[in-house]
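Both of the next two complexes hold chain A, though its partner changes from chain B to chain C.
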Partner chain A sequence: MLMTLPAGLALGSSYALLAVGFTLVFGVLRRVNLAYGATVMLGIYGALWVQERTGGGPVLMLLIVLIVTVVIGIYVEKLCFAPHSRRAAVTSMAASFAVWMQLEEVATLLLPGHALPFPSPFGQASGLDVAGFRLAHLLALGCALSVCAGFWALLYRTGFGLAVRALIESRQAAACAGIDVPRISALIFVLASALGAVAGWIIVGIDGQVTPMFAMWATLKGIIAAILGGLGSLPGAVAGGLLLGVVETVAQRSFGPQVRDLCSYLLLFAVLALCPSGLSALWSAAGASRAAEET
Partner chain B sequence: MSGPILEITGLAGGYGGADVLRGVSLSVERGSIACLLGPNGAGKTTLMMTLAGLIRPRRGAMRFDGREVAGQPPHVAVARGIVLVPQDRMVFRTLSVGDNLRVGALRQAGGRRIEADLERIYGRFPRLRERRGQMAGTLSGGEQQMLAIARALMSRPKLLLLDEPSLGLAPLVVEDIFRLVTEINAEGTSILLVDQNVPMATGIARRVHLMEQGKITFSGEPGRLPEEELVERAWFGRLAGNAATASREEVG
Partner chain C sequence: MDDYWLGILANMGLLSFLALSSYVLLIGGAMSFGQQAFFGIGAYAAGMATVLGAVPLGVALALAAVVGGLAAGALGAATLRLRGFHFSVASLAAAEAVRISLELFSLRVVSSEGRMTGPNGIEGFRGIRYLYERGYGPVDFVLLIYGVLGLVLLALWLSERRRFGLTLRMAGEDPVLARTLGVDVRKARIAAAAAAGAIAALGGGLFAHYNTYVEPSNFGMMLGVHGLAYALIGGLGAPVGPLLGVGIDILLVEASRIFHGYRMVAFGGIVAVFLIFRPRGILDERLVNRLRAWAGRAGRHTPDQPAGEAKGAS
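Then we have the complex of A and B:
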């Protein structure tokens, strides 16, 4: 059980990045981006396409995944979100569903085939063990956590981060305070796409392959982790992602791959039944009662 | 530079399809307090939101500081110096008091200047300094109103739009707010104030604009209309006001 913890946290920290990206877009725009996983998948396929022709190393792959994902992210924003900002939220969701289908089609035309091998960025390390733990898992966990820490610093130490936090709380008040809401919303897509790109690069790196199912899979994991944490809460997204990763890994090791997805839905059901507003309600309720005692 | 800081003519528009504003014309003199009165539904808040760029007007002209500004987006309005303190205060409840104030200054690049402005604001609002680390949602109503005004000051406004700052506050707090408004004005900021507290609002305003059914029906110095009529028309509109006057005349 303890031995699966690093593997679970490695997977979970990537889920956390996906969930944070999903939550950023939802928090700032109050809209669901169904094309999120497809955006990341096209980035991964793009990197594989380049690698087939030039044979680049893992860092070049990451760079291409990042660039393609961010460019496609901007495309999704310009097509599905920016023009509909004053219409009903479902307009953007439906539009992003259509773009999801489109992006998935482009990816499979780019590189046909059911499962494509993806070179592990932690290749040389994948066989090695440190104190009984797979080194690859520790490296993946380290990567995801440092990206998370960098993102946190951006959010809590910079003016841009302050504008984002203000915008998540209220678009109207943010506009009154002089924040350029359309510009920050577009930048949020860039940031969310970059986080998703790193997460996707780590996940397919651990798995060693990518399939056309990745788009739906990544969107689902992002949404489940975000809902587990409490939709709209960034610390909740991280907690939800880590929990989901650990539960899935334990389930897979104990009962096999078929039970893994079943367990993630069971987890979602249990959390929503016991704590309907997600994990973040646990500490924000504690914070609220602390504040009430002080006054 | 002299002349009005804000001059609007024939402004029409509103949310969705219907025009709430039906040709509004008024001006605010540079360095003065102007007061906008009118019954609920007259369009006062719609006008304030249109001035702040939150609603695009369909017709009409809007000159601010000698420049045509109708249809500007809200962040441009703030950068040019038109800052709105909205009706329901709209502080960022989950952000700390200090962060709330910093958001107001994000347009002013340069961290050092922001911190200097912050010190100035804390000097004026010692209560906010005491609570700077606290989440804004835990403040009392009066403190939240102070915070909303302080945040607007962080944007260095030339024209401050205050939409019902005394709404729902205790009388002593209302006096504080009105004293604060006159102080801000004395430092050179022009102010357009919407408030239902007619005696206090007219007490500090140089000009009064009365708005009824999407139009300005009276503009002038507060003394030019009897306070009774002003109160009646500000609360109930012209028809109700006439009816009230008429019935009193019958009784008298």
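Then we have the complex of A and C:
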């Protein structure tokens, strides 16, 4: 049991990175972007497509992944989120699902094949072990935590963060106070896309490959982790990701992959049915119950 | 008619059950990503009834509908508190749990011919040959699918004209207002979930007997999402709406082969753009009411024709 803890936390840090993107968009816009995983996947495929033609190291790859993901993110925002009114949150979710299918097919048309090799950003060092952790996993965990710290600083230490928090509180009041609500919403979307690009780059770098299943995997794991932690809560996203990673690793070691997936879905269902605000209910009863009510 | 078109027709009929299942939940304000689970439960239940229980197909389909309805009703009761996105994810989680449970489910028995038969975990469930053993051909099968589909449509049309349909639409439109007006929103939502589960299970039972072979991967997330998209494109104004959605996808996008290789690029784009301009589908409530008013005016000259009939014909 204790032996599986490092592996579980390592897997969980990937989930945490993905969950932060979902929770950020939901926390500010009260919307869920189901096309998130597919957006990141298209960014990764785009970078591989460019690499096939020109070559390039991990840093250049990151840059391309970032650019493509942000551009696609804006496309998703304009097509699925901007045109729908506040009441039609579920309609925009359905639209984002349709766009997921579209982006996934574009990516596989761009580069067909089951598994495409992806260069590791950490090079040789990623194989080293430090106290049971692979170094690459420690880096992923560090990234997840520092991304959260960065977002905390952005939200509570900058003018932009103040505007975002005003918008979370009340969109109408924020608009009355002269905040450009559509612009802030779009910026949050771009920010989440950029975060997804970095997360995807780290995850496929650690795995050393990317498959056409990436969109589905990233979206489902990100959403499960975000909900376990309490959708809309940043620390919840990290805690939910780590919890999911540990649960999956323990279930897989004990019973195999089918039971692992069964466990994560049953856990998700139980959390939704019994305590929709997830882990965040442990530290902020008020904020979390509001999140569950508004959807 | 050749086999290609018969196959398309059969597929359209089977998918219509799933689309109608999503429709019943959608008019009650719930967007389910998990109706494929009841399609799967129905397929296994009906298949096991004819193969292991040796009962007639009609009994097997009724049994599938009951099992699907009970499972969906129980799930509806468990997710009663959830709205919007949280409900969608809960339904998806439950459906995936059902799919994996089917992968783990085996019940092997020796058939009358001495072969092993029954559900066999991830390998699937082979030899659901009830119709083929009795010499029914593809044409009979298509007729059977559309016969059952016609009954479901009739039942939906009748219940929408009665209190149940109105109650459900009120609960979907504004649950708080509906509750203040004395509508039992909880009861309406559980009843809608059970009805939707029974409809999907009926489709699943027919699917199992049409295909003779089912496996858990048939009932993945993509199946349910297609059903949902059909209902959203076709329209939430009347039960024929979802059928329109099935027709648009299968006839325009899949069968026409214009978009060959780009099917999801086309279909995904169509759905996303559609949801902007017609968020409640082609045949939405407004259009249905307009048609009904128009039919009412035309009906004054022939008073023996009820106004609602024009809706079914449109």
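Just so we're on the same page, the second predicted complex is superposed on the first by the 246 of 295 C-alpha atoms of A that agree within 3 Å, B and C clash if a C-alpha of one lies under 4 Å from a C-alpha of the other, contacts with A are read in each partner's own complex, and residues count from 1 in each chain.
As a convention for this text, a residue touches a chain if its C-beta (ideal position, glycine included) is under 8 Å from a C-beta of that chain, and two chains touch if they have at least 3 such contacts.
The structure displayed is predicted, hence computed values, not measured ones.
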Which superposed partner A:A166 touches (first chain B, second chain C, both, neither): first
Which superposed partner A:A153 touches (first chain B, second chain C, both, neither): neither
Greater chain A contact set [chain C / chain B]: C
Partner chain(s) touched by A:I227 [first = chain B, second = chain C, both, neither]: second
Touching partner for A:L110 - first (chain B), second (chain C), both, neither: neither
First (chain B), second (chain C), both or neither touched by A:I179: first
Contacts of A:Q258 with chain B and chain C, given as first, second, both or neither: second
Contacts of A:A98 with chain B and chain C, given as first, second, both or neither: second
Shared chain A contacts, counted only where both chain B and chain C touch the same residue: 295
Residues on chain A engaged by chain C in the complex (per definition of touch): 26, 32, 79-80, 83-84, 88-106, 109, 216, 223-224, 227, 231, 258-259, 261-262, 265-266, 268-269, 272-273, 276, 292, 295
In the complex with chain A, residue positions of chain C that touch it: 31, 78-79, 81-86, 88-90, 93-94, 96-97, 100-101, 103-104, 122, 221, 225, 228-229, 232, 261-265, 267-273, 275-276, 279
Of all residues in chain A, those that touch chain B in their complex: 159, 162-163, 165-166, 169-170, 172-182, 291, 295
Chain B to chain A touching residues, read off their complex: 52-54, 73-75, 78-79, 83-86, 90-95, 99, 102-104, 106-107, 111, 134-135, 138, 151, 155
